[in-house]
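One structure is given below, represented as structure tokens, and several questions about it will come after.
Chain lettering (A, B, C and D) follows the sequence in which the chains are written, and residue indices restart at 1 in each chain.
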Amino acid sequence: MAINVIIAGPRGRMGTEAVEMVTNEPNLQLVACIDRKNDKEKMREYPTLSRLKIPVFEDPEECFHTVQADVFIDLTVPEACFDHATIAIQRHIRTVIGTSGLTNSQIEELSAISKENQTGCIIAPNFAIGAVLMMQFSKMAARYFPDVEIIEKHHDQKLDAPSGTAVKTVDLIKQTRLPKTQGHPNEEEIIPGARGAVDDGIRVHSVRLPGLVAHQEVIFGGSGQTLSIKHDSIDRKSFMSGVKFAVENVIDLNELVYGLENILDK
Amino acid sequence: MAINVIIAGPRGRMGTEAVEMVTNEPNLQLVACIDRKNDKEKMREYPTLSRLKIPVFEDPEECFHTVQADVFIDLTVPEACFDHATIAIQRHIRTVIGTSGLTNSQIEELSAISKENQTGCIIAPNFAIGAVLMMQFSKMAARYFPDVEIIEKHHDQKLDAPSGTAVKTVDLIKQTRLPKTQGHPNEEEIIPGARGAVDDGIRVHSVRLPGLVAHQEVIFGGSGQTLSIKHDSIDRKSFMSGVKFAVENVIDLNELVYGLENILDK
Amino acid sequence: MAINVIIAGPRGRMGTEAVEMVTNEPNLQLVACIDRKNDKEKMREYPTLSRLKIPVFEDPEECFHTVQADVFIDLTVPEACFDHATIAIQRHIRTVIGTSGLTNSQIEELSAISKENQTGCIIAPNFAIGAVLMMQFSKMAARYFPDVEIIEKHHDQKLDAPSGTAVKTVDLIKQTRLPKTQGHPNEEEIIPGARGAVDDGIRVHSVRLPGLVAHQEVIFGGSGQTLSIKHDSIDRKSFMSGVKFAVENVIDLNELVYGLENILDK
Amino acid sequence: MAINVIIAGPRGRMGTEAVEMVTNEPNLQLVACIDRKNDKEKMREYPTLSRLKIPVFEDPEECFHTVQADVFIDLTVPEACFDHATIAIQRHIRTVIGTSGLTNSQIEELSAISKENQTGCIIAPNFAIGAVLMMQFSKMAARYFPDVEIIEKHHDQKLDAPSGTAVKTVDLIKQTRLPKTQGHPNEEEIIPGARGAVDDGIRVHSVRLPGLVAHQEVIFGGSGQTLSIKHDSIDRKSFMSGVKFAVENVIDLNELVYGLENILDK
């Protein structure tokens, strides 16, 4: 039997993809959308939405009251998201949150509501399942290979370097890696910056070029061998694999889980 | 306190590296070698061995009787290996077997002896820890990505294609991957072989070129993303990371374990 | 001073990108389009086209007669293309043809018309300049490295394997490579197809996975070293670099040139 | 007919490989060696040399006087090299110099002697032909792709970053690349060094890990595409392809050429 799904934020960049994904997956069924600015004209610009003929609600309360759903997916903005999720969980609708930017106290509050209502919730700001696996594998490999460097590559419109994913990967690696000063002690940068950014002795290199989208390679080195774990994302669609995975897994949860990595292998 | 180690087969290709590794690791101590053809002249050709001034025995019984050791490493041939390991385990010396080619019944017998004597034994024919991790990660990733292809690259003197590691990787992937017919149903090979070897719907491609050593990449594809896990081995030294890992872990084992993958994360 | 450009086929997949590119390049100026089915309603669906307010002609004769242009770009179908190009060149408008499928005799005829009218024409069915360079570099490298294999990777909706680009690359490599039987003479495929497709002793491997777009790597191997040339195309936009390059170079041509590779380094 | 070759420095790291290569190539014939410290005992340690039974001279004059040769290969140290090459060229023996560290004035002097004696000489400090091609292709590609970054990877015992090859590649790229400020103007390094070393707006990233040898990738980015040129060297043997190429080409030279790149495609 299909899982009935409500999506909030169906016209956003992530929401558009989510609508597409849910309507294409045979075991998922889109039953309603929540759209704060439910302008009929705007909807018409979104072919999938206008073709679907599913009810679109401006008021979340009304939506959850009117339509029977198994899972609620929020892809909006932090403030709206917190409200939506609170209502959904209180109505025992399991919730998947892809919106990023919730505060720690909001997350704690949702966790409490989730527990109280015995209704699962998954918060996963980075939904690309390949990226989640890359990070988990890196954490596991670092236990055996203390020498590691990261190369992340993005399009040349990206402002920050290193990327958030690279920083998070370093944090995960630190949890298992034996402290080590990598490289030769007398190593010298003939041109400053050649050896990249350093975080806890781990080097991170950020490449920015047109023609790239979002790529990261974590390279572990040992005597006579290297082990590399690489994720290439060329399309926002990649995030949908994680959304789908979360929807299918939240069904069996009775509490809040932060991060897809914590439900892997479930 | 250092772990005292005996090595059988110190003049072989793997044995030479193992002698080198054990003598260089601060927490390991080489205390004796077993060499069936203990020709003093031959030993002189091996600088490390001749410099070490450690006893070399032709008779394993005599060796294990004379020298106190924590771990015995066998890198010989199947027949000798089985004898050595039996004696070692019966004397409660924990054993690491890198020799390949033991029969299933020999392995079962060693397993029984190991249990009976409450003395750990690790059998791991492919000791490169990076390769072991690559295979484990592939097995884990296949759960989320049913679309996968393998490219393995070796020097052009290799006779068999695909490599044993590629075949083993496919076997591991099959354990977790949902059955799937990959590629387009109407896909056509304009030149036969273009789409590689097929095993259970998984494609394997074997590249053979001078300048390569031993490399394998497992590529998982999903909507908008790919995840790649790659192991490059350029030197037999790479196997020593696995030997070292096995030695350090066999200490805490009281039974036989087949495959390094089963003691990962221990 | 800007180069004035007419585009035929502005609503096609390539045409849409070409309109976008020409209107964004400061040294190019879109002055008209030729569209056989110039339905005003259809045009409205193409935001760039409808915003531009440039004349759109159904009749190529009328277009070339009415509008003053330096370069004509054809991105239509073979039959229309041949007509368009003939008229354009006879009117001394230099012509860039991205349409594939012209017959040899059509190409010869256009070549004659081009010479007669002292008006340059470039035919280049694969416009991605990176792909053109990859093929040229491969041809050059093969002179020094007779051992070479090709790995091409595409999305899993592609029907043919190997790709047309791979086949063309092999053809170019053959022109410079010393004949050589690669691999070990006793090499054996344990699973058929492992060693890929063979063309003149060169192995080609075709990977098909979701998450890929269009990628090719040419790997040359020699004693102790490999040289790899890789092209990754993730967007049809990549073809526009070649169109732009052709437009800028056709200006100085007085005859027909087939293939961008023949005007490289000009 | 085979080319007769004299090698100076046969016991050095490069020399050992050169002796091996020359004796294995059917069209080359090793006829003598020059070894300043021609200690018979030392020679015995080099199996190939002691087996060959070719004359070894301490005095270069005597060597060139006694033995008839077509090509002289010098793999020694700058001072000795300059002397050897001067004598060889004056005796009309074509000369290949792999020794690095000759001063500019020494090179100019050899160039004059070479011209005067109408005897070719090739000086090529980096003999790996794959590396030479990588640099040439990069120079050619930069004409079409002003956006470029370099990732070079070496073993973790290397002291300097970036590598000499990376610096030389940047110099070559500068000769053809249109000046461009790459990356987003507001790009920000959250951790210093993330964006690598900068030379003329080109970013260079240096990775240092055990398990690596000598690798470089030059990545060009354009709209929707990237072009990558990669050289992997895992063994000193790789340099011999360049030595062989130089020997075969110096035969036809009557003057001095600096850098293998200048005789490519000859």
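Annotations
Definition applied: contacts are C-beta pairs under 8 Å (C-beta built on N, C-alpha and C of every residue); 3 or more make two chains touch, one makes a residue touch a chain.
Here is each chain with its UniProt name: A, B, C, D = 4-hydroxy-tetrahydrodipicolinate reductase.
From a predicted model like this one, the values you see are computed outputs, not experimental measurements.
The interface holding more C-beta pairs in contact, when A-D is weighed against B-D, is A-D.
Distance between Cα centroids is largest for the pairing of subunit D with A.
Averaging Cα coordinates per chain places subunit B and subunit D 38 Å apart.
Averaging C-alpha coordinates per chain places the centre of subunit A 48 Å away from that of subunit D.
Contact with two or more other chains is made by residues 211, 220, 222-226, 232, 234, 238 of subunit B.
Taken pairwise by the contact criterion, the protein chains are fully connected, each one touching every other. Listing the residues of subunit B that touch subunit A in their complex gives 128-131, 133-134, 137, 140-141, 143-145, 220, 222-241, 245, 264-265. Taken together, the subunit D residues at the contact with subunit B in this complex read 211, 213, 232, 234, 238. Against subunit A, in their complex, subunit D makes its touches with residues 147-149, 151, 153, 156-162, 167, 182-184, 186-199, 203-212, 219-226.
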